[in-house]
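Here the structure comes first, spelled out in structure tokens, and everything after it is commentary.
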């Protein structure tokens, strides 16, 4: 498989088939180069490896986004973690631990984002 | 089991039996209250839950410490992740992903810390 | 006094008697475990000590939340600092100093949060 | 020229003549001391130097604000960079590079801020 | 008093008379402009106000430097806080609270810096 | 030119011909995958664009690394900025401005790193 195809495939696995087109359209209007970096490098290279199982990888992404306070992207990856088989309680357990490493407000904000992201998710279930 | 005992037990699981006494002596001379918070709250409460399997938990800790640039504690948890069954390659895969969320210098520094921490670990194997 | 009671007592001192029930209900729907950590550890342990006078402690909290850019929690603690006897001018002086240590945008954002938090506070005066 | 005049002059160059009065009124109601620091120190001292050409200086400001995630001030300086002669494409190239040093979410958020800031700017052209 | 004199006076109060000359020589060889900013703006303006008592101000500085992980400057201000009348135990209480807002590793690192800074201080007592 | 060749070429321009082999050997022993990401993505994609002139790009990199406190990589890019034609005084002017956006300790640390990096550079002149 050529690199861009690997990227789209991996993106579909983590973001959900139904969300790839919308995500790409959003990124493309934001910046076509950033879109290309995300497709080819982030999904085509970094996420494409099979050393980590996808559920562990998505939970580590959740941990990273909570520690850096990136709520928009955290919402996306909380849903991705559910899609890879993580339970809501496992996600919450990762976020409680954020209190230890990045402080209670970071954990609190991340849990608020998670609550919103999963309310929609359980309704939409995509 | 009373709370302090749960904490010491959990600490032993994550830091290795042989390292508990030394870690506690170090923390105690640093600050007896911080020592107590770490034993009773961090290990007695946060780490004591069984929702996450210990390997996933340790890899999420590695992700958090790499994103916050805490090299001293990262060295400790890279060894802890190995102790919980994560391979060196799995740890490295988490840290490569740090480049995506916290930038390349954070990934680079974390991989340098990991190399040093595991060089000692494979010799000492504790 | 048992630990949970110490926590609730200390919470009432810092957040205001009238706000304890609402804060706890909010935290509980967010995450019952985080709620428990905040009651038992943050207020039952860390804030319960009497080494620092409450006004100095609240001003240090304001300093920490402004430097970490946590606007939601900063609004809560700006009101708490007023409740412990800090004048609005003292709070502003702490936040001006944030410009020196975390940059002008952090000071600016914190002063905007403070203005909003105290507008409500002087009306409601709780 | 006395120091406050240098500051106002420099502020006008970077923020646009038409925006000085509004910016000062905003800062003054936020905090008169912070207002004075920004006029006398930030613009009267730091920005007043002529070692860096204004376009390079404004692009470096854009880089700094994107890395620290300060969206409000970033919007102001994206317009300032345009005013100093930077093309939209040059600004975007700086922000793509933010992905390398502060992670993809920081680059993404900064590009979203830029899109909004320049949509208004090209209409208003001030 | 002219502004530069206010700055040197305030610097002497916070850093200790005996340390002013050495600090200024260090800053001057680092960068003469940064030296001037620190004398005229940081000490001549921000620290010169009398709204906050010097002990509270120094403890807030300690809080800010611990949250931003700036160990070099933290060592200087831990000594400054002692000079303004804060006890070692009060400083430690501020730093324990850092665990709540910026995570345990930040508190831990700050307590290690404090231990070193005060070991020298109690010997030298300047 | 194929992508890896573009990457090596761009790397040579920014790091200096004489330093490419050493840098690659260092990165390769650190982590072969990170090495590949840096060659193919960072230099082969992000730095390879010609929208920004290399001097402006290197100064923006200096700004980013100073704001994120990455001293090791900052030393490398201070030298790179000199190689692209930035004067030492231009670099210092960027770093003084870091005081405004990320606080004085970040500016101070970056100027100390710069002093060390350029002391070697002017001797070695590579």
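A, B, C, D, E and F are the chain letters, set down in written order, and residue numbers restart from 1 in every chain.
Keep in mind that, in the parts below, contacts are C-beta pairs under 8 Å (C-beta built on N, C-alpha and C of every residue); 3 or more make two chains touch, one makes a residue touch a chain.
Just so it is clear, the model here is predicted, and its values are computed rather than measured.
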Neighbouring chains shared between chain C and chain E, ordered by label: A, B, D, F
Co-neighbours of chain D and chain A - touch as defined: B, C, E, F
Recurring contact interface, reference C-E, options A-D, D-E or A-B [over half identical by residue number]: A-B
Chain copies touching (chain A, chain B) - same or different residues, decided at half shared: same
Distance between the centres, which are taken as Cα means, of chain F and chain C, whole angstrom: 41
Rounded Å distance between chain B and chain E, as computed from the means of their C-alpha atoms: 31
Distance from chain F to chain D - Cα centre to Cα centre, in angstrom: 24
Junction residues of chain E - those touching two or more other chains: 37, 42, 46, 65, 68-70, 92, 96, 99-105
Chain contact graph, described as a line, ring, star, complete graph or other shape: complete
List of chain F residues in touch with chain A within their complex: 33, 37, 41, 45-46
Chain B - residues contacting chain A, complex: 42, 46-47, 49, 51-52, 56-57, 59-61, 63-65, 67-68, 70, 87, 89-90, 92-94, 96-102
Residue ranges of chain D in contact with chain C within the complex: 30-31, 33-34, 37-38, 42, 65, 68-70, 72-73
Chain D to chain A touching residues, read off their complex: 69, 92, 95-96, 99, 103-109, 111-112, 115
Touch list for chain B against partner chain D, complex: 99-105
